[in-house]
Every structure is written in C-alpha cells, then in structure tokens.
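A, B, C and D are the chain letters, set down in written order, and residue numbers restart from 1 in every chain.
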C-alpha cells in the first residue's frame, strides 16, 4: 500500500487543484456545468430496461443519536362542508437540513474553510438571515440528470463493508473503475457503495463522529474524473486524520464545485446493477427550489 | 358548443367510470401502474437535445392572500472550531402542503368524497395523527418518469389565457391533441397550459375561490386517455357549478388514481416546446419519501 | 385641541428624552428596572378579590389578512405498550413572532431606528443567526409583576371605540388618568383600552396598515410616567404621519426601554374594572425563557 | 422503613381515590378548581420582600439524548425602508412539547390509562388532528396563582440529591412538611426539590428511562393534601416498579386532576427560601392560550 498522503498533499488538493474561476468568477453552479446537453442525451440512452430504483430513506421522524433534529411530520384533515361529502387531508413538515439520516443534496454554500466558500466567497458576507446569496441550492434547479457509475467497494474487496481501519482510498476507486472496464467522463455522478446496511447490522447505527468511508485521497481522483456529483452511503472517513479540513472529502463541494448526495440507501441499486450486470445507469437528482437554501431533501432515482 | 354536462353526468364520471379495483383491492398506486418499463424506455428516447426545464416555483415564503401558510425558511451557520477554519451552513424549512403557490404532487389520499378515498377506503379509518395508512405519497417513491404532452390552450384559442367565462372543456382537450397530431398513450403525463402568468399580469393574483381552469367535463377525457399524471397551471374551474364534488377535476385523484401536480410554472416549458416545435418530452416528478404523507413539494423537470 | 406636534417634537422625544445610559451602558433591561421589590410588594397588595382575568387571545392558527404567518399547531398521540394501557398525547407548535393576532411581549431588541437599538447598540452587530446578543427576551425572565392601570378611552369619550380620524393623544391619557383620580408611579404597567372589539364588529378586522390607536404624542407621557410596560389593544396610530419613525409609539421600546404587550383582549378586563369600580390591579406578564429571542408569546393575567 | 405498597395499593390510588366527578362530569379543570378567590388573596399576601425567582430553563435548542426534539429557534430581520432607518427583528420557534428539558405545564389530557383520561373520557374519541376536545391547556388560561410550598428532600436527608436506590416516598413528603411546620391547604402548589443539579454534576445528564424521583406512594399524599399543582425537578421514579401505570406519579394528572410542571430549575428557589428562612411563597404559572393544546411551555415564577 502506498504511503499515506501528507498534510501538505491534502492542502494542495483543496487549494491548488481547486476549480475556482474555471467557469468564471461569478459562477455559482460549479461542476454542474459539466452536465451538458450532450451528456444528458447520452445518459438518457442508458435507459434500456425501464427499471427505477429510489435511493431515498424515508424522512427521518424518529429521534435518536444519529438524528439530532428529527423531521416533524404532522397531519391536517377537514371536511369541505359540501353536499358531496368532499374532504381533504394535508400535512406540515418541518425539516432541518443535512442530518445524517435525511437523504439530501448539499448546495455549494454548505461548507467552507479558511480560504472561503466556492469560488472564494466569504461566508460571513454571503450567508445571512434570509438565506445564502451565493451557491444556494436554487442554482441547480434544472436538476442533476447524468450518467451514474457504481463503484462497489465491498464486492471489489470481497468483504461485506468498509471498516474504520481500512477506509477507501482514491487509488482503490481507480482500481475498481479499471476492474469494471469503466472510463469516467466529465459530468458523471459517481456512486460509491461502502456497505452501510451490512456495517450497521453488525455494528449498530453508524456514529457521525466515527465513520468509515472515503479517505481524503479520494479528492484528487474526483477532481481528475471531473465528476459533477458524488453519491455515497458512508460519506467521509471520520476523523479525517488531517488538519487541512474538518472532513475528509466534503471539501470537493467548495474546492471543485462537486455536488454531494448524503444519506442514501444503495443496497437496492447494487442489487439491480448485479441483476443486470451493469454499473452505469441514468441518475436523476432534483432539488426543491429553495431560494437561498443550503441544500434540499431529495429523492434520487436511478433508471436502468 | 355542446350542452353542459348534467349533475348526473358528473356523478357518473366520478362513480361509474372509476378505476377502483382495476389494479386490485389493495392497490395504493393508481394510474401510476400505467407507467411500465416499456413506457419509461420510450419516454427516455424523447431526450434528443438535452434541454432541461424546471416547472417549479420557489418555495413560497411570502405571506399573502394566495399563500395562507407561507413556507418558513430560516438559516443556521456555525464554525467547526477546527484549525482549517472549517464552517458549515444549514437551514430549517417548515412547509404546510397543498398551498396554491407551492409546486407539489398530491398523493392519492389527499381528497375524497362521500364514496370514500381511492379504492373505496374510509378517510376516518385511514388518516391518523401519524400520517395516512392508505395512498400516501411514499407509494410513488420510484417517481413519475414518463412521456409528457403539452396541451397549449391559449395558443389553440389565439387568446392569452383562459377566462372564468370560458373554462377548458374535455372536448377542447381532445381538439388540441388532434390538431397537434398527438395520440395519447396510457401512462402519459398531460400538461395543460392555461396561461396563468398572462392572466395574473392583467387580473392580479388568481384567487383560490374564483379560478378559471378545467371544467368537470375534462374528467372523462383524462380517464379515456389513461393518463398517469395531470400537470396544470390553473387547476380546477372554481366554483365548479356542480354538487357532485367540491371541485371540478380534482376527483381524478381518488376516482381514477391519477396524480396531480399543482402550482407549476409552465411558460418556460411552452417556450421550449415552441422553440423545438415539439409537444412531447420526458417528464420527471420525484416526490420526497414522506411515509404517510399527503403529498410532497416537488421540482418537476421536463427534458427535451 | 392643541396643535399637532411637529416632526422635530417627535424626533426630540425619541432622541433627547431617551433613557439610554440611565441604568448603565451595559443595561439590557430598560424600564423593567423600575419594577423594584417595593413596587412588587405594593402591587401584590392590590389582590383583594382574587379574580383573575386573562388578556390572551388563542394562538392564531387560522390564516387570513391579519395573520400572515399562522401558528401551526399539530398533534401527536401514542400508546406506551404498557400493561396498564397507558398512553400519551403531545403537540408541536410553530409560531412566528410579533403577528397582529398573537398576544406577545416585544423584547427590547425588536425595533430600532437610525440611532440604533436600546442603549445605542447596532442591530447589524447584535442580531445574528443564533438570536440577538442584546436586549433579548431572556433579560426579562423574572417577569413583569407590577401595578396595572386601566385607561379606558371609549368610556372617557362616551364612544364605543377610537377611530382613525381621532387617535389617542398623550394629553388625553393624562386627562383620563386625572379624571379617574389615578397617579401613575414608576414601574406601572399602563393598559390603554381603545375598544378594538367594538371597532371590529362595525368595521371588520383591523388592518395592520390602517390602524387607529395611539398618536406619537403619547410617547412623552409614557416617559414622564416612567411606565415599565404598555399594554394596548389597538397599538400605534398607523400611518403615523411623521418621518421620525416607522411607527407612532413603538419607539418607546428602544428609546425608553418600555416593554410592549401587543394583541391583547381587553374587554373582559374592562368589564371587571367596572364591576369592581377599580382601575388598578396586579399585572403579571411572564415571557418564555427564549435565549436571544426577540419577544415571546405570553398569557398576561390581571389579578384583582 | 414501611413495606413497599403492593400493586393493588397503586391501582387503588389511581382508581378508587380518583377525583372523577368531584367537580361535575363535564369538568375539565380538575384540581385547578381548588384555587379560589380566597386562596388567591391569601397567596398574594405571601409577597413580602418582592423577590422574584424564575424556575424556567432556557428553551432547549441543543440536540442530545435528553432532548430528542430540540426547539428550533430561528431569526428574521428586516429594514422598513423608512426615512428614519427603522428596522425590526423577529423569530420563529418550533417547539415539540413535553420534552425532558423544556419547562412546561402538562394539560389534563396529556396522559391516561386503561380507565381513560381525566373524568373518564376516551382518548380515542377526544384527541384528534385539530387538538384535544377534552382537558386542553386552554382550560387553565387564568393561570395557577397560588401558595407554593417547598419540600426540600436533600436538606431533609442531609444528602446532596435523591438517588435511584432511595426514591422519595409519600411518607417522606409528610415528614418534611411536618418538620418544617407546614400545613398543606387545598389548592397549594407543592414544589418537590430532589437536587437535580447536584445529581447531574456527579452522574451526568439524567436519563429519561432511569430516573430517581418520586415513588408511586407519593400519590395518595398529593391526593390527601388536595394540591392543585406539583412542581418537581426529578419527576417520577423510573422505572416505577409497578404494572399499574407506565409512570410512578404522573397518574395524579388524570386521576386527581393535578397539574404538573416538569423540567424546572429549583436551585435558585431553594437558595432564596434558605436566605429568607421561608418555605412558602406565591407561585405563578401562566400557560399560553393554545386551544386544544396538550400542555404549554411556561416560565413559572415564585414571588417572595
């Protein structure tokens, strides 16, 4: 195994290789720009069997250590007082974003480091009481509609799930792609499966502060591949082992402009890939149009 | 013009022609069943230019007569106290469903009449404090992914928008389709454009209780066409003029199992259709996975 | 009638007569300081008949022009799965503050003008995403417990309610007090009754932007009297007729440090005063302990 | 020490000694009826030094094991666009009731057992989507204003706090009262101090499922004393050790109609009592007017 990257390596991936300015100083869309009419047409051609798989968890309403701010879902019902006996139900949902159990898409404004938010903006200047003025989720309201590539780490390793002792390195992502005969293309969504369900069956609920997952060395690979989106079930290796950032891989959001879809359920997707002997499909992620929002609950769907 | 349908006609469309039992007594998906692997593959083939159009309004946070329960969107921000200067933003959204300004998909449980909810269930038995036990939005979590057909009423009429005096009748929907050389197929999403933006420019915000839109006579047409989804900017003609239901066309939800997408913005879609001289496209509507929910805010996207 | 005060008069009341620094530069309690152990003991002695009157409206859950952000009140219920058949109900309340139908106490941070918030602080520096750092409602968590004095304008005028054409002037407050043989004392709560219920019976719901009530000339009287609290059913005359502030009397909050209790129901209090031929009583206003809050829904109670 | 009460004893206290029907079959106020004009006048006479002590915790916004549904408190701020530079702040609070860290008053509808809610009503019939129709918090909107009596268990024991091994029995409450020369009177609020802060300093946050506190044997004492209100820092001994109810003492709510104030901070009250060598004072608990509510966040205040 190669030596671990140094603190300076990680800093370099965040600072020197960043995409700031690549699509203009005023760009708020980041790697979403890599999804073009051409890539969309190509991605749509991947729909061959018409099978849909949702990657969403139910909105997490039960409190617990992994769910500090449960979604509050409450009901309404009333009669119309109309001769037809017409009636109506409704509901109210209160959702606090970015929880570890809520399937969601992070907006570019969601995280930053000392160098700033996406494209170098200052979070203190851009994020206010009325929402963010920079990199809000509304920038992506046309939706991520692109080719999705599954990288199945457990299958590659012949083990049920990724462990804290052996996080996923960038070189392993490259190996998995090569072994599967996959050539990544700009604008692709990379779906990294780490075996969360199997992990939790054996170890109990994954804790936010102690998380197997992707090592910081995955960052330059994501950058080389020019992904538009990273979809993952275990997220960042935590703790990261570096001072360069408070996370292992979340930095691809503000450094490269790559979207992140957190808290997905990947087992049904993996099964369908195996069933069809495919590792590519159409991915669709349509965030709600929340002006100035820092992210959105989503229902990501893969179509085969 | 043909004589107006009678009270009995309307009752008949709701009662005799209903789809209850068509997909089994325990079916909670309704006309969503008409979307099949084959129709999905065909719909995906409509993606030829890779242009995406969102039909969503921003979540409506401003109070007003048309927005009795504004969405409350508020922000969070905190530093991580990490040497990297890492920080994070988040937000909380409180949304009460089914408002006239919030783009949303109604679940099958949303409305009913004296005969019951979809498939004849009793709303008093099925709808409880924890959500609905029948026809919840989670039933559709694989998403509506289907062919969309635009029916452009103003263009057909040569007038800027539909008026209260002259609502859209079913026969007119049939004429528009015929004039456009469109043959509807089971599982299609019908998008009926009535010119809401032009209407509101001249008349001010549309009022919930006085609404031009689709006459009850559209119901049997929706049924004949076996649509899976109805997407509309003006919704039901209100008042309906009938005692058979408290609405003109919302009955297709519980009688036929057809999904409804309310409060959409259609002008950009209409423009793109004209630009490409097309009236068909891929429609994608992915509701959030709200267990027992009566609907979901959505960001419907059309792809050309 | 005396000539109307000039623009400069109003500016003077807000700027020259303000209480900034009176209790120290770091004081965040304002005229609440005028409530002392002695005034509390005296106020408690006013309890002679043991009659309690609540001045609260129900939390306003119905939407409408006067209620742009309705309170959302929704229910929970569950069984404990215990042999005793034990069960439990709960609820969730989402309340957006300061609405015209929600009985509430404004914190000192609630309003400001070009000179700043209470004691001259800068709202841009003090009010952040996590709450206010200056003049929050938690400063008053020991509660307003003081003598209340009713000033009954309609009774004094022999008219059912105050009209837009004839707002309440400071001189009239002085006259009403004199006619009732009342000598105001520092720390008193002044309750100004304008006849809101009678007004709304004849004129429909009072509109926020067109409101009879207290003229700016009431400000120096409130200041002379050294009130700790102003409780009122009609609030500020709106529009104020002056450029000095966006309101007529709300300036007493940041200029004098006087608490304001808005959206009260005063008719039952007035009736009890008449029944007992009294115009003084114990007033109790206990804000919730909301750290950094801009106010609190309250249930003000008068005890006779 | 006396033998532990039997299962049948506990059942008897809940069933045979209950107050159902005592104030009429339609009574929804319970022991609140024991607060009379006379007791209010007497309680007000306890105000001798004018010292106020708040028993409220700050609304609990931080998530954690003891706070499954954190209060969400978020801010608003806007300029009025007025020549005076006037501006305004506001906030939104979302609070889910009855949490172990939120100071609140339980309404009579909050809990029940197989025999029913207060006065024998059926929770399935009374508690609906729009609130409770029986025993809602609005029944008490005139407020608990009554004599408060402190029973200081740690001082009596000469130990810093109550432990799980040695919960508080009814006989001990009687002994503490006797030792203090206190004669309880109908309508009194009993404040039982168990030393929560000292407990948590040594043992970490109290867990909801493992709680020292009041043993079921306190119930008949509360009943004998005819208290209107029970204010406590440790609540019910948990687990109770009985099958008769899912709690040790919460049954006084539905069996006797006694109000409960949970999650209070009592140390400042205890200190003031010691400072003044008193164990009686005026207690004021004013619930918000929530129509059909199951309880209310409150700021209880004691006045000496």
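For this structure, a couple of remarks:
Quick note on the criterion: a residue touches a chain if its C-beta (ideal position, glycine included) is under 8 Å from a C-beta of that chain, and two chains touch if they have at least 3 such contacts.
Just so it is clear, the model here is predicted, and its values are computed rather than measured.
Using the contact threshold fixed earlier, the set of chains in contact with both subunit A and subunit D is B, C.
In this assembly, B is the chain whose CA centroid lies farthest from the centroid of subunit D. Work out the mean CA point of subunit B and of subunit D, and you get 48 Å between them. Between the CA-based centres of subunit A and subunit B the separation comes to 28 Å, rounded to the whole angstrom.
With centres set at the average Cα position, the gap from subunit B to subunit C is 45 Å.
In subunit C, 69, 72, 74-77, 92, 94, 96, 127, 129 are the positions where the chain touches two or more neighbouring chains simultaneously. Taken pairwise by the contact criterion, the protein chains are fully connected, each one touching every other. The residues of subunit D lying in touch with subunit B in their complex are 72, 74-76, 92, 94, 127, 129.
Remark: subunit B residues 36-41, 44-45, 47-54, 56-59, 61, 69, 73-77, 80, 82-98, 103, 109-115, 123, 127-132, 138, 141-143, 145, 243-247, 282, 284, 286-295, 297-301, 303 touch subunit A in the complex.
Interface residues of subunit A, counted against subunit D in their complex, comprise 63-65, 68-70, 72, 75-77, 94, 96, 129.
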